[in-house]
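Below, subunit A partners subunit B and then partners subunit C, in two separate complexes.
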Partner chain A sequence: MKIGLQQTRSIGGNILVYLILILFGAFFAWPLIFAINNAFKPLNEIFLFPPKLWVQQPTLDNFQDLFVMMGKSRITFSRYIFNTVFITAAGTFGHIIIASMGAYVISKYKFPGSQLFFKIVIITLMFNGYVTQIPNFLVMNRLGWVDTFASVIIPAFAMPLGFFLLKQFMDTVPMTLIEAAKIDGAKELSIFWRIVMPTIKPAWLTVMVFSVNALWQTRASNFIFSEQLKTLPYALSQIVAGGVQRAGVGAAVTLFIMIVPLVVFISAQSNIIETMASSGIKE
Partner chain B sequence: MENNRPKMDFKERFYWFKYDVKMSKTYYLFLLPYALVFITFMVLPVFISIFYSFTYYNVFEEAKFIGLQNYTNLLLGDDIFLRAVTNTLLMALITGPVGYLMAFIFAWFINGLPRFLRAFAVLVFYAPTISGAVYMIWSLIFAGDQYGYVNSLLRSFGITKEGGQPFYFLTTPEYMMPIILVVILWMSLGAGFLAFVAGLQTIDRSQYEAGYIDGIRNRWQELWFITLPNMKGMLLFGAVMAITQSFGVADVTEALCGFPSTDYAVHTIVNHLKDYGALRFEMGYASSIATILFLVMILCNRYIQKAIGRIGK
Partner chain C sequence: MLKKLRNLDFAGKNAIAGYLFISPFIIGFLVFMVAPILESIRMSLSEVNLNLTESKYAMVFNNFTNYNKVFRVDPVFNRLLTDELIKMVYTVPAIIVFSFFVALILNQKFKLRGFVRSVFFLPVILSAGVMLGLEVDNSLLQDMQQLIAESNAATSRITGVIERLLLTGGFFDSFLYYIIEIVNGIYNIALTSGLQIIIFLSGLQTISPSMYEASKIEGATAWESFWKITFPMISSLILVNMVYSVIDYFVRSDNQVMQRITDTIGKGDYGFSSAMAWSYFIIVIAVVGVLAAIISRRVYYYE
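On to the complex of A and B.
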């Protein structure tokens, strides 16, 4: 008798599984396909009746219009791009460094308060940005950070999801690796930098994806008021707010914002799966 | 830190505690940078919220202590808040569990696919979650004119409102909630889904083989007795992520139905919080809303942790 996966899988069941996946897959994919197609539709196709999913005569007009419009604005388009790229890069880099350092000692050593600290991190996993935004505004006010990049970048360092995933992945790294280096006389900092960081590369690549995803979409409109410090999604939302005549540009904008997190995700996908395998919360 | 020390009285314990702290100086230094930002921007806000929830505070003047007045106003005098609570609970009770189950079922089905299809399927299901503000596209799909995708589809079947009018999906209260629920579910798979996909791939094959010998005959038994018990940690992680998401709905309702939405039909607690905090600068009142939300989330976490402990028993 053959023993294996096939034994518990009926053919009828398999067909049903494929059907469900295809059906729901289409439901999940088609708004995105619609969004992508729209960005390449000339204006008369966007307002075609009845509307069509697939673009008939693809054009780059919408992107051209977007750049023309951005060129005319008081602050140049490149400034918004710079702001968002800077916030995303600085916030992600800083978060990965300090969260990895903390996660390393919490995972590998026991010291007074270490367990408690991690428990608190798990609870804060549930806090969404808005709940902390109001009190954070008051903190920023005290620190004098309102209307600076620091108000967006420094809080991004604290993302609990990143710390959590790094620590969980670090748990799977054998302690012997670290002890061996210690016997060779390596100091903690060099162990961390030369052994731990390269070993947990899948974890920080994953954290990078989550962090980039969050920061790339930051509007920061609650903490930043100067026009020259505003982010790309904020500038783009202002354009879209222009109404119907900007529908084409709006479609280009939508594609522009969605493409970066998608590309980052696709390029890191296998690392993400490897990292999430250690994401379980122990009871 | 040694765990096998003999029983000690308080003084001795304190001595060893000090000793442990001193010996762990390097570790504290490593943790310090993260701990500093984490405590300032994630932990402190909870206490600030609690503190200001007992005051009237508009940022420009000194905070004035007013006792429980914010809470009594909120719970007894603010009809819109009660509306927001009902809406949020409805959204959380539906999208939380359904989104969670969907994430697991899709991950489970995808796990049975051949390897080359798996990565593609994961991308298809996860893409809405990470492509940001792309949910804006739903406002075109449900647009209240003939260019709206759904309206034109219905029209081609001859379905219109009385007098040949298109349906105003995003401004008619009876349609708004179902549409928002669909959109939230569409983008709700989240980090939990990835955790499930990963978790399913790492379960030891030999456990399944042992299971078949022990008489497991179909995929449901396999799921309940082998797969799920092996994934408790991920299930809990996914649940935490699902709660975060389902209680944090705000951007979607604003983008699709406007702010405020017609008759506050899809007004959520976070919408209300943003209204008072970011627009009216009534920080005391906003803080009391935030405090209630913190409490609800923490209670939910407790309850779910217990529920997951029962799996496979």
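On to the complex of A and C.
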């Protein structure tokens, strides 16, 4: 905890700091608080105008309705949940392994073309994904992956953001650590697996949060057409699509989808902030 | 001994190991990122006829017709682009100032620091999908807005009520209008500056406390040590954050140009929308390049 001289603060200064923190903190937490409150509001309160932030008469009706509707679904709801969990787990796991391996050698081995490749990765971060939807579909078609989980999972392996963050963090791992292991006779793969990966745990935890967040919410409606392969967000969005009378259920759905990324974030929270820190200063 | 290991043979071994490790990522990256991007260049230079039944499309090369259409025929693209560029000019500095300010506050000592910091990091985690979904995409909110708009057209925005009360016609109208715009904007600025806050915070923590101590002994006030120590030490991160904010601003899905591009894709005009996306992409890179060139001259690098 390096604070410097700022520790010396008057009472007035203290009050000011807390005031500012509360004010801005409220800005940041507001959408989350709103979503949580909305999920417990009865229908008449949701449509109250002007809208109230805090729920007046909390009720579990919205969740009850949601579960009833889940039960009525043509395909058992556990199937959708399994699909999304499977896609999220497989995609995240593969992405972390493959992107870490690539980031490791880009950062620590200077081989021909490595810097050029990294620059290309950075530039693609600026490109928007919508335009490539159609060519992407053709690629999947050629590979025969349309209507399979592979069409969602495999491209997730090669997401540039995770690769970028991992590379920035790898730069902070001292080369001497790797050289020492090499002198002791460790093979490349065991250096990577037993020295580098444990050292950069905060980095891949961060990437895990981003990846889980993205994959958990994927609707995959571009590539997957069979009903039994559809994902949870898709199924839930179908339920909400019923119109105004489903507003309460919609609020419950929003909270329901939010929970998993939120839990993953909270459990990895302190590590993430550390990673963001080092990816920022190592430019 | 080590010197012997570092001969050409070692470098060669290194390169082979390097290629082996990175090849899975490169293959995936080429197939799923680079190939579609290159294909979209070709699309932007062609007339695209989609055949939905066979899931194929035919492309006829038509030179720069699409680009001509983007800049000279399309009635809205230029207007949206200049709109967003002007908005960027005041939004990005606002984000930088705001995030720097919040980072300074968060760097102070207070209770529950870890908890407060994660609150400020929440938007970064949730903005990817849930948050935007919450604000834009959610049919619930859309329905709500529609309902409210129907019931009372004049109060369709939350600040609309206040606006109506204040803008009774008169001298202060335009002045009040800007204040209301800023109040509406602060919320967006706060939500888009989560990552920048973290980056500034990390930078602030790397400044050695001994510098502040030394300057205090020399008789510097807190104000002076802020401008002579904190600010120069953090200046390289201002560059990083500036670049990040500009890119983030331009590729956000609620950016008007991005929305225009997605809309045209929805209408099936692929050649035109690819041309639009590519023009936009190149303009964004140019803006980032110019900004980075200007700022990097003023950045102070501590040895």
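In this text, the second predicted complex is superposed on the first by the 242 of 283 C-alpha atoms of A that agree within 3 Å, B and C clash if a C-alpha of one lies under 4 Å from a C-alpha of the other, contacts with A are read in each partner's own complex, and residues count from 1 in each chain.
Quick note on the criterion: a contact is a pair of C-beta atoms (placed from the backbone, for glycine too) under 8 Å apart; a residue touches a chain by one contact, two chains touch by 3 or more.
Since this is a predicted model, take the numbers as computed values, not measurements.
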item	value
Which of subunit B and subunit C A:Leu32 touches, first, second, both or neither	both
First, second, both or neither for A:Leu116, with subunit B first and subunit C second	neither
Which of subunit B and subunit C A:Asn222 touches, first, second, both or neither	first
Partner chain in contact with A:Ile11 - subunit B first, subunit C second, else both or neither	neither
First, second, both or neither for A:Phe24, with subunit B first and subunit C second	both
On subunit A, positions contacted by subunit B and by subunit C	3-5, 7, 9, 14, 17, 20-21, 24-25, 27-29, 31-32, 34-35, 46-47, 49-51, 98-99, 101-102, 104-106, 109-112, 114, 117, 120-121, 123-128, 130-139, 141, 154-155, 157-158, 160, 163, 188, 192, 209-210, 213, 217, 240, 250, 254, 257-258, 261-262, 265-266, 269-270, 272-273, 276-277, 280-281, 283
Subunit C to subunit A touching residues, read off their complex	14-15, 17-19, 21-22, 24-26, 28-29, 31-37, 39-40, 43, 50, 55-57, 102, 105-110, 114, 116-123, 125-126, 128-131, 133-135, 138-140, 143-144, 147-148, 151-152, 155, 158, 161, 186-187, 190-191, 194-195, 198-199, 201-203, 205-209, 211-213, 216, 222, 225, 236-237, 240, 247, 250-251, 258, 261-262, 265, 270, 273-274, 277-278, 281, 284-285, 288
Touching residues (chain side subunit A, partner subunit C) in the complex	1-7, 9, 14, 17-18, 20-21, 24-25, 27-29, 31-32, 34-35, 46-47, 49-51, 98-99, 101-102, 104-106, 109-112, 114, 117, 120-121, 123-128, 130-139, 141, 154-155, 157-158, 160, 163, 188, 192, 209-210, 213-214, 217, 240-241, 243-244, 246-247, 250-251, 254, 257-258, 261-262, 265-266, 269-270, 272-273, 276-278, 280-281, 283
List of subunit A residues in touch with subunit B within their complex	3-5, 7-10, 13-14, 17, 20-21, 24-25, 27-29, 31-32, 34-35, 38, 46-47, 49-51, 98-99, 101-106, 109-112, 114, 117, 120-139, 141, 154-155, 157-158, 160-161, 163, 188, 192, 209-210, 213, 216-217, 222, 233, 237, 240, 250, 254, 257-258, 261-262, 265-266, 269-270, 272-277, 279-283
Subunit A partner contacts - residues on subunit B that touch it in the complex	1, 17, 20-21, 23-24, 26-28, 30-31, 33-35, 37-38, 40-46, 48-49, 52, 59, 102, 106, 109-110, 112-113, 119, 121-128, 130-138, 140-141, 146-149, 152-153, 155-156, 186, 191, 194-195, 197-199, 201-202, 208-209, 212-213, 216-219, 221-222, 231-237, 240-241, 243-245, 247-248, 250, 270, 273-274, 277-278, 283, 286-287, 290, 293-294, 297-298, 300-301, 305, 308-309
